[in-house]
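Pasting the structures in now, so scroll down.
Here come two complexes built around subunit A, the first alongside subunit B, the second alongside subunit C.
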Partner chain A sequence: MNSFFDTIFTSDFVFSTIRVTTPILFAALGALISNKAGSPNIGLEGIMLMSALGGVVFSAYTGSAFIGLLGAVLVGLISASILAYFTLKLKTDVILGGIAINFFADGGTIFLLYYLTGDKGTSSSLPSKVLPNIDLPIIQNIPVLGDIISGHNILTYVAIILIIGVWYLLNKTATGLRIKSVGENEDAAKSVGVNIMKVRYLAMALSGVFAGLGGAFLSMGYVSWFSRGMSAGRGWIALAAEAMGRGTVLGTTLSSILFGAADALSNTLQLLGIPSELISIIPYLATVIGLLIYAINNTKKRKLKE
Partner chain B sequence: MDNYILELKNIMKLYNNGVVANKKVNFELKEGEIHAIVGENGAGKSTLMKILFGMEQPTSGEIFFKGKKTNIEGSDKAIEMGIGMVHQHFMLVPSFTIAQNMILGMEPKKGISIDYNKATDMIKDLIKVYNLKVDPNMKTEDLSVGMKQKVEILKALLRGAKILILDEPTAVLTPQETDELFVQLKKLKENGHTIIFISHKLREVKSICDRVTVIKKGLTMGTYNVSDMTEQEISNIMIGRDVVLKYDKRKNEKGEALLKVENLSYKGIEGNYILKDINFTLNRGNILGIAGIEGNGQRELISIITGNKKNYEGNVFLGEKSIQKLSIGEIKNYGMSYIPEDRMTDGVAKEAFIMENLIGNRYKSSELNNGLLFDMNKINKLSEELVSSYDVVCKDIEQKVESLSGGNIQKIVVARECSIDPEVLIAEQPTRGVDVGAAHFIHEEIIKLRDDKTAVLLVSADLNEAMELSDSLIVMFEGKIVAYFEDVKETDEEELGLYMLGIKRQSEEEIRRAIDEC
Partner chain C sequence: MKKTALFVTVILILSLVLGACSGDDTSGEDSKDELKVALLIPGTLGDKSFFDSANAGLELVKKELGAKTKVIEMGTDSTKWEPTFVDVSEGDWDIIISGNDTTELMNEIAKEYPDKRYINFDTFIEETPDNVYSMFYSTNEVSYLAGALASLVTTSEMELANSENTIGFLGGADTPGINDFLVGYIEGAQYVDPEIKVLVSYAGNFTDPAKGKELGIVQYNSGVDISFNVAGGTGLGLMDAANEEDAYAIGVDSDQAMLFKDSDPEKAERIVSSAVKRIDIAIFNAVEKHIAGELEYGTHNEMGVAEEAVELAKNEYYEELPQEIKDRIKEIEEKIKSGEITVGTAFGISTEKIEELRESVRP
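What follows is the complex of A and B.
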């Protein structure tokens, strides 16, 4: 038991929590924006996966990590726009559309990977690039804090900045006000001339960009290759984090960190010789417990209102 | 020629489903007047208003704005022309502040963010000019209905509205709030605004409007100066039958009481009373009609009686039992049949077969079951019988209900509900939207049941139906019973119109007879 706490109360553990939270946070912020507009993006998981491969492929063929990142974001943007076109314009059921894109991503990435490398598992034969880690000046020299905050991948810092960015977008800008109005009372928005379709397209596209950043982090930061199914449920966990965070930026961020911590814990515990099958449950168990707490609270609140 | 700010000429609106909502509407609006549009539900008021606000396009006819022919292609065009609309169901986002709701779609900006200081200033100026007291930083969901309405009016004014359309603005207000609204409307008029006031409450029309246009069945019956007309005269134009239905009903002795409603009150979500102190008794072999303009509490009353709403005050007894403790299934088992107002949502499972719909209220009975499984032979035989005796026009009993016409769907509902020889039949607008033939058939069925000693409660907004079918009649207005007629022949349509519009009201003693004399 001692060794358990020894592993948790270390700057290494906190550092790794931040690291594994990054992709969840990206996707959760994306989920937040699209949910606020009333068009949930169930396809985040698959979009992240496609973007992860996109990043690897673009960076490998151009030799530039930056172009790889752009490629990943572009893949996210395009696939979310396709989903938006189906659900908003052609009126496909949002759930079915999302599931379709997830399945497509699952098989499609493996197909493309095999086509390009002859390998169905990983992209290790592709010379893909990695986005740099950044040592923060001054802060890196502060004991403990420096170990925790400095030295992360550049996308981790982007994610932190985007927390504020999304908060600003939703609470301070006209676009944010319109996004929220469309999600909460479509008729009200329509009656004052807000173009509902346009707002929803925009929200979906943004959520795609966010998932794209998450995917790029996975294959160009977290590890330096693409492997099949590497989003590993993070898109779903992100949806859970958004729901548990009650659709607020702060709540979504905190829930993402919670799930990130559970993920980091499972990584750490693997080193302690606890059966890995048991350990890999942790993030998902945390999701279920989190949603349960959320649901109970919600029911209580509703009862109070009545 | 007068100076009209807005003129509608020969407007006709035909919806895609074949309904003609406006047949021939002519309407002229003078600048600076308060102009009422009155008519019963379904007369075409809402359609007309949607056309004025650009939400619907007329099929034919012309619109002139300040003498020039125009098309109002959409709400944004209407807003641009200076037409504002206060919807009956408020178009507000609950979690927003008043200020956020008001500026939505026209946000003042500073750089990339919203300039809330400027927004607040704009709103405060407006509040000062019109003396509408609201705090722009309050959250909308915490506001009373009256306040929300003020916000809606301010919203329209902020967008530069010179013509304001108010769709039944007092329907959701308390009397005090109504008075306050009227003060504000007069103030708006003094400031040069023109107001279109859609309503069916003639008392209100009399008290604040200058002119009134009456619509009936999609036709404008004329425009009058309010001061030249009594409420009664307006009522006579608005209500009134073209064709009188006649049925030969044999005299029937009233039997024992099967349904008793005592001191029933019901509060809506806003905390206002939708039903207040309802008392009546329904007897065997009697058709008790409930007449009234829609939205005066009839729907809620029926929801309670059929067991769909439980949070009421007072008592409803079915036989000896309080329905508070009965489930819907138990109420049905007692022998209550229900023909709901909205057949497509409440009356049938539209994607199921005719046969499946017909057995909806008896599929558990031992007659139709063979151990664990349905006895398909008997079910088919029963369905065939019902389809032929109720004259449902269809290919076969395995046709989906949604592919039938409205009249035939309604016949399926009637066949299912009436063929079990119910003790109590609740018929809610039983012939709405069905053709004359089907309506006639359904009426005969209801009379047949009454002759066979069923107690029938008939809710109808159709005066013709309510008067010809009922033995006794109740009139509802604003959630209360305002009149009771032991024998429907004691009254006539003109008198009923006065009760339905709240112009006249019987004394408490007369109304109490609904429960005492039964």
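What follows is the complex of A and C.
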């Protein structure tokens, strides 16, 4: 048991939790915005995957990591806009549309990868760039805290800033209020002259941008190449994190961290001789417990109301 | 309107899926005496592992033996495998090659089409119908060499080797197929240094390089200076971890240093060698024997270091290793070939035994 705590209370563990959380957090914030507008985007998983490839391709052909990042975000934006066009304009079922995007991404990325590199597995033959890790001045010299907070990928800091950004957007700006009003009561919003279509388009597009950042982190921060299926369920976990966070920025952030910590824990615990089957259920167990707490709270509230 | 949108979406997806699936079958006209060989992949190409290697073997068959070939990627939906198998068996293919997950299906189908000939490129199931030739690679033997190499590197004075004699193993899943690598790896490592410690991690999947990197970093932070990945796409993350944490890695299935050689030479340098299965050579040899009428159908053949069906990749990075390490590896190779060393296997032994083995080398 001692070694258990030795494992958790280390700066390495907290550092790795932050790193594991980053892509989940990006996608979860994206899920939050689109859910707030009442058009759930379950295509996040696929959008992340396409952006991950987009980042690699753009950076490889321009030689610039920054343009690669822009490319990834652009791919995210475009694919989310296509999804929005289908679901909002052409009235496809939003869930079906999301599923279609995921399938499209799964096959489409491999197709494009094969077309560009002649390889169906990884883009390792493309000289793509990676986004830099940043050592924070002053903070990096503080013991423990410096080890934890400093030295992350630049996108991790972007994610942290975006938490505040999303909170500000949703709670302090007119656009945010419109997004929420459209999600909560479409008719009421319409009656006061809110352009529902426009607001939902914007929310979808933003969720694509966020998923795009998450995808860029995977292929240009975490590792330095694209490999097929590399989003590996993070888009889905992000949806769960958003649901568990009850649609609040703080809740979504905390549950993303919970999922990140559970995953980091499952990596570290393997070395302590706990059976791997047991360890691999940790992230899922965390989900079930989280949803349970959520359900209990909800029932209590409902009872109070009655 | 809704229908139109759905229709367009479906067409879009279909066109991509079909585009990705259609292989090239433009190889010349049908002549009657031409050998026709079909390869059915239970999955998709691009795994950097046995599917790609089997395909390379088929390319060899096409080029060297002038056969008409076709590769069919059957996808991961196993319910589609049987109809594909039946279709191909009904066709005029002389040899149908498949393997791994399709073994049982193939054995069933083969019995129904006794005139057809089948080659199983990778299975540990020994039961083989009369018209099937099945092959198996002693991955435990090449892992023995990988373990010995890891052990030699960690106890050496090499630049990035640390003072702790701990090596790592990153598996895709806790299954007999993967643990067969592990058993050989541990035995090989212990042959060099009986006191060696091995950190074992399983990723739980084969397509998540970020997870692989994360597990790799944990290992390298815990005193490991060289680790062996047997985890497909997930395992490639280990190479990034090795690069970042200044340590060594060993690749698997194909010569993985070559993946990064041009795009990222620094990363390639960290990959001291790879445990390679020569499925391509094995398939080529089998087809060649078939043509000569010497292929023994109805038999299950295990091929190891002695048959050169498995080997450590000896590329320019391997050549840069200290001479005494290369000499020791050569010596161990000879001993495996002569049968002086026999390597244990994970097939047919209980989970508890594997657990015991893992426990015995835990730091």
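Odds and ends about this structure:
Note that in this section the second predicted complex is superposed on the first by the 281 of 306 C-alpha atoms of A that agree within 3 Å, B and C clash if a C-alpha of one lies under 4 Å from a C-alpha of the other, contacts with A are read in each partner's own complex, and residues count from 1 in each chain.
Convention: a residue touches a chain if its C-beta (ideal position, glycine included) is under 8 Å from a C-beta of that chain, and two chains touch if they have at least 3 such contacts.
If you're wondering where the values come from, they're calculated on a predicted model, not measured in any experiment.
After superposition onto subunit A, the partners subunit B and subunit C occupy separate space and fit alongside each other.
Put simply, the three-chain overlay gives an angle of 130° at subunit A, taking C-alpha centres for subunit B and subunit C and rounding to the nearest 10. When the two structures are aligned on the shared chain, A:178 is found in touch with subunit B, with no touch to subunit C. Set side by side, subunit B and subunit C differ in how many residues of subunit A they touch, and the one touching more is C. Looking at the shared chain after the overlay, A:168 reaches subunit B, while subunit C stays out of its contact range. In the superposed model, A:191 makes contact with subunit B only, not with subunit C.
Within the superposed three-chain model, A:66 lies out of touch with both subunit B and subunit C [touch as defined at top].
Superposition on chain A leaves subunit B and subunit C with their closest Cα atoms 17 Å from each other. Only residues 168, 172-174, 177-178, 180-181, 184-185, 187-194 of subunit A touch subunit B when the two sit together in their complex. Those residues of subunit B lying in contact with subunit A across their complex are 75-76, 79, 85, 87, 89-96, 100-101, 103-107, 109, 112-114, 155, 159. Contact residues of subunit C toward subunit A in the complex are 1-2, 4-6, 9-10, 12-13, 16-17, 19-20, 44-48, 52, 174, 199-202, 204-205, 207-211, 213-215, 217-219, 221-222, 233, 236-237, 240, 259-260, 262-264, 267, 355, 358-359, 362-363. Taken together, the subunit A residues at the contact with subunit C in this complex read 12, 16, 19-20, 23, 86, 90-93, 96-97, 100, 103-104, 107-108, 110-111, 113-114, 119-122, 124-128, 218, 222-225, 227-230, 232-233, 263-264, 267-268, 270-271, 273, 275-277, 280.
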